[in-house]
Amino acid sequence: MAVAKVFTPEIELEEVSMRFQTDKTEVLALDNVSVAIQKGEFVSLLGPSGCGKTTLLRIMADLIQPTWGEIKVAGKTAKEARLAQKYGIVFQSPVLYDWRKVKDNITLPLEMMGTKKSERESRVDHLLELVGLKKFKDKYPWQLSGGMQQRVAIARALAMEPEILLMDEPFSALDEFSRERLNEELLSIWSKVNNTVVFVTHSITEAIFLSDRIFVLSPHPGRLSSVVEVPLPRPRTADMRQSPDFYELISRIRNLFEGV
Amino acid sequence: GEEETSSEELTPVSIQLKWVPQAQFAGYFVALENGYYEEEGLDVTIVPGGPDIVPEQQVANGSVDIGVNWVASLLAHRDEGFPLVQISQIYQNSGLVLVSYKEDGIASPADFAGRTVGNWMGGNEFEVLALFDKYGLDPYSDLEFSSQGFTMDQFFTGDIEVASAMTYNEFQVVLAEGVSEDELVVFDMNEEGVAMLQDNLFVNSEWIEENKEVAAKFVRASIKGWQSAIEDQEAAVDAVMNAVEEGSSDREHQVKMMEEVAKLVAPDGFDPANIGMIDDAMFKQTADIALEFGVITEAADLDASYTHEIMEMVTE
Amino acid sequence: MKNRGPLQRWAQKITWIFGILIIWEICSWLLLNVFQVRLAQSKLPYIHKLIETLTSYWGTLFSEGWVTFANASIGFAAGASAGILLAILMSSSRWIEQLTFPYAVASQMIPILGLAPIVYGIVRDVQLARILIAGYITFFPVAMNVLRGLRSAEPTAMELMHSYAAKPWTVYWKLKFPAALPGLFSGLKIAAPLAVTGAILVELMGASNGLGVIMLRNLYYGPSHIYMFWLTVILGALLGILSYFIITIIERLVTPWQPEFRSLGGDD
Amino acid sequence: MQGGPAEKNASWMEQPTISKSNVEGTGENRIEANNKNHKRMVEKARMIVLPVIAGILFIVLWELRFFHTIFQLETYQLPLPSAILEALLANMSTLISYTGYTLTEAVVGMLLGSSLGFIVALVATAWPKWGKGSLTVVASLNAVPIVALAPIMNLWFGSGIGSRIAIVTIMTMAAMAINAYKGMNNVHPFALDLMHSYAATKFEIFKFLRIFNSLPYVFTALKINATASMIGAIVGEFFFSSRGLGYLLSNSIKIGRMPLGWACIIMAAIAGILFYFIVERLEKVFLKWHASERT
Amino acid sequence: MAVAKVFTPEIELEEVSMRFQTDKTEVLALDNVSVAIQKGEFVSLLGPSGCGKTTLLRIMADLIQPTWGEIKVAGKTAKEARLAQKYGIVFQSPVLYDWRKVKDNITLPLEMMGTKKSERESRVDHLLELVGLKKFKDKYPWQLSGGMQQRVAIARALAMEPEILLMDEPFSALDEFSRERLNEELLSIWSKVNNTVVFVTHSITEAIFLSDRIFVLSPHPGRLSSVVEVPLPRPRTADMRQSPDFYELISRIRNLFEGV
């Protein structure tokens, strides 16, 4: 755990519940979830498919309002935080705009924040390098493979160096090597920008490697079943993946799951 | 029950009006209402006209049997090869006038120079062209000869300074708007000597070969209808109003129209017994004007354009 | 929470209606008394005069309006079916499209005035001719919108169909039609009021009943009939609104999955 | 931490070769490329040749009275192409000047109407609570036939070109408003979420998302309007105009001059198709990215 | 390797290349790939993002035609195989039809093959059970989470018991437990139906656990870089994942990757 950090809650959810209602039936996607995420913290959400991870992320980003409960971001409401353009989001699907070429999709948030054109161009080059798509900057999204599209979405979220970075299974469409490399890149960016990251993943190792804390959700209805602190030191290095501590954590979390 | 059986024996005949049902066509409505057609053994359908209806087309197509339109229009269609022939002339005089406000200072057609003169075009403009010619005016350079809609709005707003009007309708519309006759200058085509014949009855020349008897019966009943219409104008207006949708015209207007129409069908000194007769001289004048102003490209073959035969059968 | 009460939705509609009426009345007054333009009442008649006229003729207007609406429905059915058929034909092969498209466009340039005598000449049955003409007026927007819809099925969704070796007809039925429904409804929303126009136009060609008939006659009989004329115009527009609403409601029922109609759950 | 493994695996992130197609490539490659070019040319040629061949066939059958025979028509009802051509040549200068006049009305009215329709869609999307009513109002204007519109517009704008432009404007508004509205609202919810996450203002959501999303629909509307505007202008000229194809057409038909009437129709069709294809070209340029345009 | 099986080639690609051409540039997605897949074989494709796995799958399914090269499926052309409705495909994205409810999306292929309604209904219930979505049968796709949508797509592909099953990263949006469970389900279905499966994945362990052979692709341009036989016996069991053979295979494949 990052010992040096002072605890200032950046994202606070208090007894948040979310119910989706359709014609006849209703789904309780989140039930009474309370979490507090510290400023500059890297937090992962783990949980079975359909347990409410995406819903939780969307509530944090003020894209939907919870049916019950309170949410505070940096002491303000989520809406105020959103209006202050604090968020960068990687959605579960790439959500690229068909009419924009790769490079223009990446500069989209920069355009919205009024970044100068020359600055945008240098930034986009750097980001394309980061996600390995330099040669594809002038392609349209449908000319890319699934994983490549997802990487464009990642580059787009990183482009604005957001204070709060919400990532919904960003690397699930990538091969293990790209994934590991991007894990490290992400940590390096995070340590520089020192933003708060909420990261949804299905990979337990990935969650451990990246996070300060891991929130495990249980399904039906979505509940916060446990919080696991990751006591590995920072900076994390590739060989930590082979350490006994790491293995111990993996099996602990697997057990948590099975207990669900 | 009784009516149904009798109507089975009736011969169906349809007549296409030039325009919407109104007292302009009172004779046919009276004939229908009073059962004159039925007496002749005819089951007549009166088909209303409108801005997009060309009676000559309808008759040529066989969509209807008999048409009402102006003679100039008939000649123009014949010139284009439409197999049509006139069988009766209902209106003896032209109902077309040109009107302008007195305050505009147009005392004679010669003063049209530099003014905007309106007409509905599409076959209605030839008398006006003849009038221009009589006064040495070139419609393309000396004045503005302009399209007039089927409302008189352009006259009221001043868009058109000299407007075309039918004595029985548009002219009455102007009066009804509160403009008195004293404020107007009226140019009458009959007085100017450029009148062309107007409402007539015509048929498809192939159809008539087989249906002379039917045509004669129709014309006979129609003339009877016109005679009663002129005699009892109130009743005629009633017959028209029955055919008119409620709220689409008012009685007062139709009464005025009937009065004016009567003057055209049976002018002063005209024997009502002669209604429907075709006046050779007048027809020739119409055809001559038509040729002169390019309505037709070749002199009309008068013998083929109309026939007295049906009227002769009628009067027998 | 999410749905504003029906009360509020009605309030909006009523505000719209009264807003338009009041502005209209004021403009009418301004034209007549302040600017004193000629034929002010013909340009924009007083609402209260219209209502006065309506009270004496509502029976006629209603029955004639009904005739027109019935005719419009037939024309609409004919036009919409023709439009859908044409769109299917054109989407079925580039070949057919290239062949027919320029002519479909050109056909739209033939004004009904020129068409009517010929149509009467060919079909000879007046009622059928009318339906054909009304259909002709409405088919184009439907065809264009459906064609776009049929073409915009996602490439991956098409691949799914290919992987099943779906017959062309099945591809249409299972994929292209549903994907084209939003487009179809846009087309129908344009076409439905147009069908009213079509019906009225057709009524000018020698009908003895319908809104078009009284519209024309009142116009022709001069400014003294102006209120009645305007009432027919307004009634035409109302029929347009009615037909538009009917399509809107059907759209909601048939395509609840369109993003517009999805309820997102929260207090959005 | 970053250095080592990342660099080692960097090649993994690199992608398949991309080359300028004209620079390299084996002989086989080039033949293949030529083939594709050739195919495209054939495709293009077919686009023009097919309708022309069909057209010629149609005209020949027409001239040979094929349609007259099967529909029992007479030449005075449906004139022969030769007669139409004759009328066309005899009145060429008038027809050309009238075509220009009518096309001007159509284009100006269409641009005005489409812009207004688009604005209505913008308003209805931006303020749905109150703006949606405007959509209905505009749609209802479509139910007012030109015969009624013409006298009213004539009163408001005089007998000149202005009243026809107004007619065309009103006629073309609804198609654009309805289509553009659908395009602006048929947005994928995630795409909207992305905008919200940037705290995009209403204006920005239009600028970056809705406008583009609406383009396929907008072009459909423009194509509908390109044809509707020609009809509107022509029929608008029937009653009050003293110039234009509609005026000439109406007059010709009323005095039985069918060849001249058809000559007007031919001119209108040529102008209309030209107008339409210009819009279609524009669509191809602006919608490169759309599913319907992908190869 | 499954010793008992007779070698009858089901899918044969000979020197297949695929070039995508756009306005100015072209991408060589596949270069000279030759593979022969045996009838009833379970084969995985591994390779970095954008190397051409999806493209290869689409060529096998006759969804695109290769620029050069030959493809034979069960001795016939790919097109004939497709027309014979041999394929079941799970695409990389769920590709559900928005206007169909979950159950109707799953029955889609059955409808196309003319299966009777009663039969369809019992089948769909069973499939929903399999992918754990019983309660969601009457929902529309947009009411599901990302992983749930993917599971619907899987159920849809399994519904028709295809002779050739092509799966493009089917389990990437699932949590590890669902994934492992579905791995086992998939194997059990496969052993019953005995169809040919080509499976794209980014997970090396998953590829090993499932496959008879693993094809490793390399980018630059997409080439078949090596073929790894998996000598683990069938039926595969969960504890095999912990066996030394398994670990040995993992590191062998990882090395193959690094050697690229």
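The first chain written gets the first letter, and so on, giving A, B, C, D and E; residue counts start at 1 in each chain.
Keep in mind that, in the parts below, a residue touches a chain if its C-beta (ideal position, glycine included) is under 8 Å from a C-beta of that chain, and two chains touch if they have at least 3 such contacts.
Note that the coordinates shown come from a computational prediction; the quantities given were computed from them, not determined experimentally.
Undergrad: Using the touch definition from the top, list the chains contacting both chain D and chain E.
TA: A, C
Undergrad: Can you give the shortest number of steps from chain C to chain E, where adjacent chains in the path must touch?
TA: Graph distance in the chain contact network comes out at 1.
Undergrad: Where is the C-beta contact count highest, in terms of which two chains?
TA: Counting C-beta pairs in contact for each chain pair, the top pair is C-D.
Undergrad: Please compute the C-alpha centroid of chain A, do the same for chain C, then give the distance between them in whole Å.
TA: Once rounded, the distance between the two centres reads 49 Å.
Undergrad: Roughly how far is chain A from chain E, going centre to centre by Cα mean, in whole Å?
TA: 28
Undergrad: Rounded to the nearest whole Å, what is the centre-to-centre distance of chain B and chain E, using the mean of the C-alpha atoms as each centre?
TA: 83
Undergrad: Report the inter-chain centroid distance for chain C and chain D in whole angstrom, where each centroid is the mean of the CA atoms.
TA: For chain C versus chain D, the centre distance works out to 19 Å.
Undergrad: Mind pulling the residue numbers of chain B that touch at least two other chains?
TA: Answer for chain B, listing residues that touch two or more other chains: 51, 54, 57, 61, 150-151, 153, 157.
Undergrad: So which bits of chain A are touching at least two other chains?
TA: Correct list: 20, 22, 93, 142, 148, 175, 177-178.
Undergrad: What residues in chain D touch two or more of the other chains?
TA: Within chain D, residues 9, 12-15, 18, 77, 147, 151, 155, 188-189, 238, 250, 253, 290, 294 contact more than one other chain.
Undergrad: Would you mind writing out the residues of chain B in touch with chain C in their complex?
TA: 16, 19-21, 47-54, 57-58, 61-63, 150-153, 156-158, 169-170, 173-174, 176-177, 243-250, 253
Undergrad: Which of the residues in chain E come into contact with chain C in the complex?
TA: Per the stated touch rule, the residues are 58, 61-63, 82-85, 87-89, 91, 93, 95, 97-100, 108-109, 111-113, 140, 142.
Undergrad: Which residues, counting only chain D, touch chain C once they are in their complex?
TA: Residues 43, 46-47, 50-51, 54-55, 71, 73, 77-78, 129-130, 133, 136-137, 139-148, 151-152, 155-156, 174-175, 178-179, 182, 185-189, 216-217, 220, 223-224, 227-228, 230-231, 234-235, 238, 246, 249-250, 253, 261-262, 265, 268-269, 271-273, 276, 290-292, 294 of chain D touch chain C in their complex.
Undergrad: Mind listing the chain C positions that touch chain E in their complex?
TA: So the residues of chain C touching chain E come out as 154, 156-157, 159-160, 162-166, 170, 174-175, 178, 181, 255, 257, 262.
Undergrad: Residue numbers of chain D touching chain A in their complex, please.
TA: 1-2, 4-6, 9-10, 12-15, 18, 188, 190-191, 193-194, 196-200, 204, 208-209, 212, 215, 288-290, 294
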